[in-house]
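What follows is subunit A paired twice: with subunit B in the first complex and subunit C in the second.
Up next, the complex of A and B:
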């Protein structure tokens, strides 16, 4: 009787917690969609911002955001794969394994603004790079590196050891086993981790606002050392002009565009995880 | 002297042609440890050419460790240490040779069928992926030959591109054997290959071993005494990391020299 009661209380508590999350999410989505939808049009997406964003659209902010996160993904994915392969295939010392795990989790927990300050001090103040979208991508890559690495590592370490033994028994050496056995089965985790990392990176303002972005007057960057504008920093700039109804409306519109990008990346991550799980269970 | 892959392969083929009378594998004073725990003690053994050499013994007696030591799979375990010699046709496989070449000569099949999540075709040719010496046509021929060798060709020839995981466990194990044969080993090491199979599939593997022994030297670890009786030419009884007795099947079953062997073969009980 007591056990049944505890079970029911736990079930009700879990259901209420899930319901609470769902309600908050629905509320946020409803507000952003209802407020942002009137501003949203094809013209809004393909037009550049004018008058400090109070008029026009979000073309360069959208392109800037995509450029920053795609470049961050390109930088971080090979490093994450390398670290994950080293951890799962070569690092046999259990203490170093634990230490590397702790460091990755610690890096994952660093507030994004700290990455921004690090970028400001190291790149802007010491290396004198100035405002650079490429530096912004490097900082975003550093920020999402632990997410991708841990996801890769988890998928690689879950590969049954019998697969590796079979490859060794067929005469494969270490790197051949990594290429033919570990990578094909770990790539699912890498892609899911990458999409999760990009989802986080695309919504970040703090790491890039001091080092990579400008609020107005930017177009498509011609060199590595030029700033871009991004959707989160654009939204921040527009909300500072919230007294102007048109600026506020554009801020909601830009938020909806950003939210759509985040949703696309999140859903892609979910689908990729499902797809690769099915593929390895085939 | 350290030999590379080609050197090891050539030397082994040369020995095979020159002298087929020497034991295929000989273990001399072989000892092995996991950390400080000695798991194999003073192993002196020989496995004869083109025979089914069955290793029997209770769980934990060191049968699998011995098999894994022969093709050096245990080398990748940091706590594993060994001493002594394992001679493959006179060549010490534990010397500083190219370990991948040694492993190719000593094909191994594990307890549970381990097929990769790829097609049947890709699984068979898995071991040849880094070998550029075979043309596409030759690969096709190898695949067909090996599938025929394990009596799987008729069952899968219409669905070579289907996932290998769709096959039954017995078929998967035969596919694993075919995949091992595709890299052209001289010895087949089988670590309880029928333990996860039903009786019908087990008998199919046993029949297969009897067919393959003319071309390969087979070392077969089993728990099943009746199975050993059915297929073994030579029998090795192990207990507590030691070889208690070895000899031809008839000798061990009919007239064992050691009481422990008699106890195990008749009562499946061992007081080592």
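Up next, the complex of A and C:
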């Protein structure tokens, strides 16, 4: 009889755990939406911040965030494609293959604040760039490089060998095979990886807060080495003055905008993965 | 002509490979070089408690303590709940819901950490303050609790994958022997999935160690080890929160700066070791199920 009882208890406990997770995660989303919604309006999105963020909206923060991540994607994508092509088409030695894999996973695991201090030492202090949004983009690009590369490499290495053999039999050389066979199949992985990387990049605060962003008085940058303001660092600055109710309310509004951007990117990553999976199977 | 293009193509692929290797080495070397001063000049005296840059006392012990205790709290809270939830999704929930749940978990894992920080400041720390009658809700426990919630989605997906990868035939044989579901799980699925579970926990650990924003906002940022040692309701300091708060105040090239970099380097090494061990344990799985 005890066995049946234990079974029931086990089932109840794991259901309770699942329920608990559900409640906690629902709580997170409802809090952000319910706190952010009152602060949000069309005017909030299109007007610049005033009075150290306590009044006004998040126009330049939104533009700054978009600028940072779009540039990061533009810098990172070609490098990631190149690495993935090299890994799947040219690198034959299995030990080197393992080593490069390890390197990518290691780069992926580096804590985001370490990227921040690396950028601070290397760009701001050694190369004397000062606070610059472009440096921020470069650092974010380095951070999302492994995500894009691994996703791209996985879809390239899942192409059946017969495809490549057919291409070689038609007299294609290495690079023609890459262009005609590997890239059309692997581009789906690259796009999925890019969207996943951008999801991560847009929410990151620690890598850019020392090197790329300023809190107030920022507009659209005219040159490469001017700081921008971004949504995450704006939220951080407002949270630090949490005793001021108006600042906190604006922080919630900015959070909801950020969350919406993140969700748009990650949902499109999910759909792009699904779409390209169906296309490859056909 | 096409040979020439082919060469250019190969050169492009090779050069991007070299660029990415160079970047990784560059990060490692820059951090090592700039933390060298700290290692040479301070040596073992780094392992003391007092942090007082003005008098040249740089003890990083309280930061090391903060990082380990916060991560430990996060794991103690998240691992049992996460594993049970993963078991529920993999073993009890009907299969057609699995893909929906996995997608939702993936979305949740992408919530930026600054939002957790904001929730921590506005809700969790004030709740703790009221319930436990503290003078301030920004404590080590708050940070650990927030971190536990943050790593939960990652942990659940990875652990669920581990359970899901155990082939059904094992469950069927166990079921044929007349075992109840909990016995199948405890005696068959868990032992089979153990290496994957370990790597899931290690990857979650890696994420928790390197987390900055949420921790920095709620931990209180005071450089000391609480008295007694396991009093979790006191403010503390982790390596990441120290870096986030102080790196801009330290003059470039000074000893203070170098010691902060050294802590970052130490953190990076720890996370790298944890991740590599985790991936090593993952890569063994494929061979096991064949």
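In this text, the second predicted complex is superposed on the first by the 259 of 282 C-alpha atoms of A that agree within 3 Å, B and C clash if a C-alpha of one lies under 4 Å from a C-alpha of the other, contacts with A are read in each partner's own complex, and residues count from 1 in each chain.
Throughout what follows, a residue touches a chain if its C-beta (ideal position, glycine included) is under 8 Å from a C-beta of that chain, and two chains touch if they have at least 3 such contacts.
Quick caveat: nothing in here was measured; it's all calculated off a predicted structure.
K.L.:
State whether subunit B and subunit C clash or fit side by side on subunit A once the two structures are superposed.
P.N.:
Aligned on subunit A, subunit B and subunit C fit with no clash.
K.L.:
Would you check which partner chain A:204 touches, where first means subunit B only, second means subunit C only, and both and neither mean what they say?
P.N.:
Only subunit C is touched by A:204; subunit B is not.
K.L.:
Which partner does A:114 contact after superposing on A: first (subunit B), second (subunit C), both, neither?
P.N.:
second
K.L.:
Quick check for you: in the superposed arrangement, does A:11 touch first (subunit B), second (subunit C), both or neither?
P.N.:
second
K.L.:
Return, as a multiple of 10 degrees, the angle whose vertex is the Cα centre of subunit A and whose sides reach the Cα centres of subunit B and subunit C.
P.N.:
110
K.L.:
Per the contact definition in the header, classify A:223: touching subunit B only (first), subunit C only (second), both, or neither.
P.N.:
Neither partner.
K.L.:
Pick one for A:170: touches subunit B only (first), subunit C only (second), both, or neither.
P.N.:
first
K.L.:
Where does A:125 make contact in the superposed view: on subunit B (first), on subunit C (second), on both, or on neither?
P.N.:
Only subunit C is touched by A:125; subunit B is not.
K.L.:
Tell me which partner touches more residues of subunit A in the superposed arrangement, subunit B or subunit C.
P.N.:
Here the partner covering more residues of subunit A is C.
K.L.:
For A:145, using the defined touch cut-off, is the partner it touches subunit B, subunit C, both, or neither? Pick first, second, both or neither.
P.N.:
second
K.L.:
Which of the two partners, first being subunit B and second being subunit C, lies in contact with A:181: first, second, both, or neither?
P.N.:
First partner only.
K.L.:
Is A:162 in contact with subunit B, with subunit C, with both, or with neither (first, second, both, neither)?
P.N.:
A:162 sits against subunit B, while subunit C stays out of touch.
K.L.:
Just to confirm the value: shortest Cα separation between subunit B and subunit C in the superposed three-chain model, in whole Å.
P.N.:
Here the least C-alpha separation of subunit B and subunit C stands at 9 Å.
K.L.:
Shared contact residues on subunit A for subunit B and subunit C?
P.N.:
173, 176
K.L.:
Quick one: in the complex, what on subunit A touches subunit C?
P.N.:
Residue list for subunit A touching subunit C: 3-4, 6-7, 10-11, 13-18, 20-21, 24-25, 28, 31-32, 35, 78-83, 85-87, 89-91, 100, 102-118, 120-122, 125, 142, 145, 149, 173-176, 178-179, 199-200, 202-206, 209-210, 232, 235-236, 239-240, 242, 248, 251-252, 255, 258-259, 262-263, 265-267, 270.
K.L.:
Quick one: which bits of subunit C touch subunit A in the complex? Just the residue numbers, please.
P.N.:
Contacts found on subunit C: 2-3, 5-10, 12-17, 19-21, 23-24, 26-27, 30-31, 34, 80-82, 84-85, 87-89, 91-93, 103, 106-108, 110-119, 121-123, 149, 152-153, 156, 180-183, 185, 206, 209-213, 217, 240, 243-244, 247-248, 252-253, 260-261, 264, 267-268, 271-272, 274-276, 279.
K.L.:
Would you pull the subunit B residues touching subunit A in the complex into a rising list?
P.N.:
Interface residues on the subunit B side: 71, 73, 76, 78, 99-101, 103-104, 107-108, 110, 112, 114, 116-117, 126-127, 129-130, 163, 165, 176, 179-180, 183.
K.L.:
What does subunit A use to touch subunit B in their complex?
P.N.:
92, 160, 162-163, 165-173, 176, 180-181, 185, 279-282
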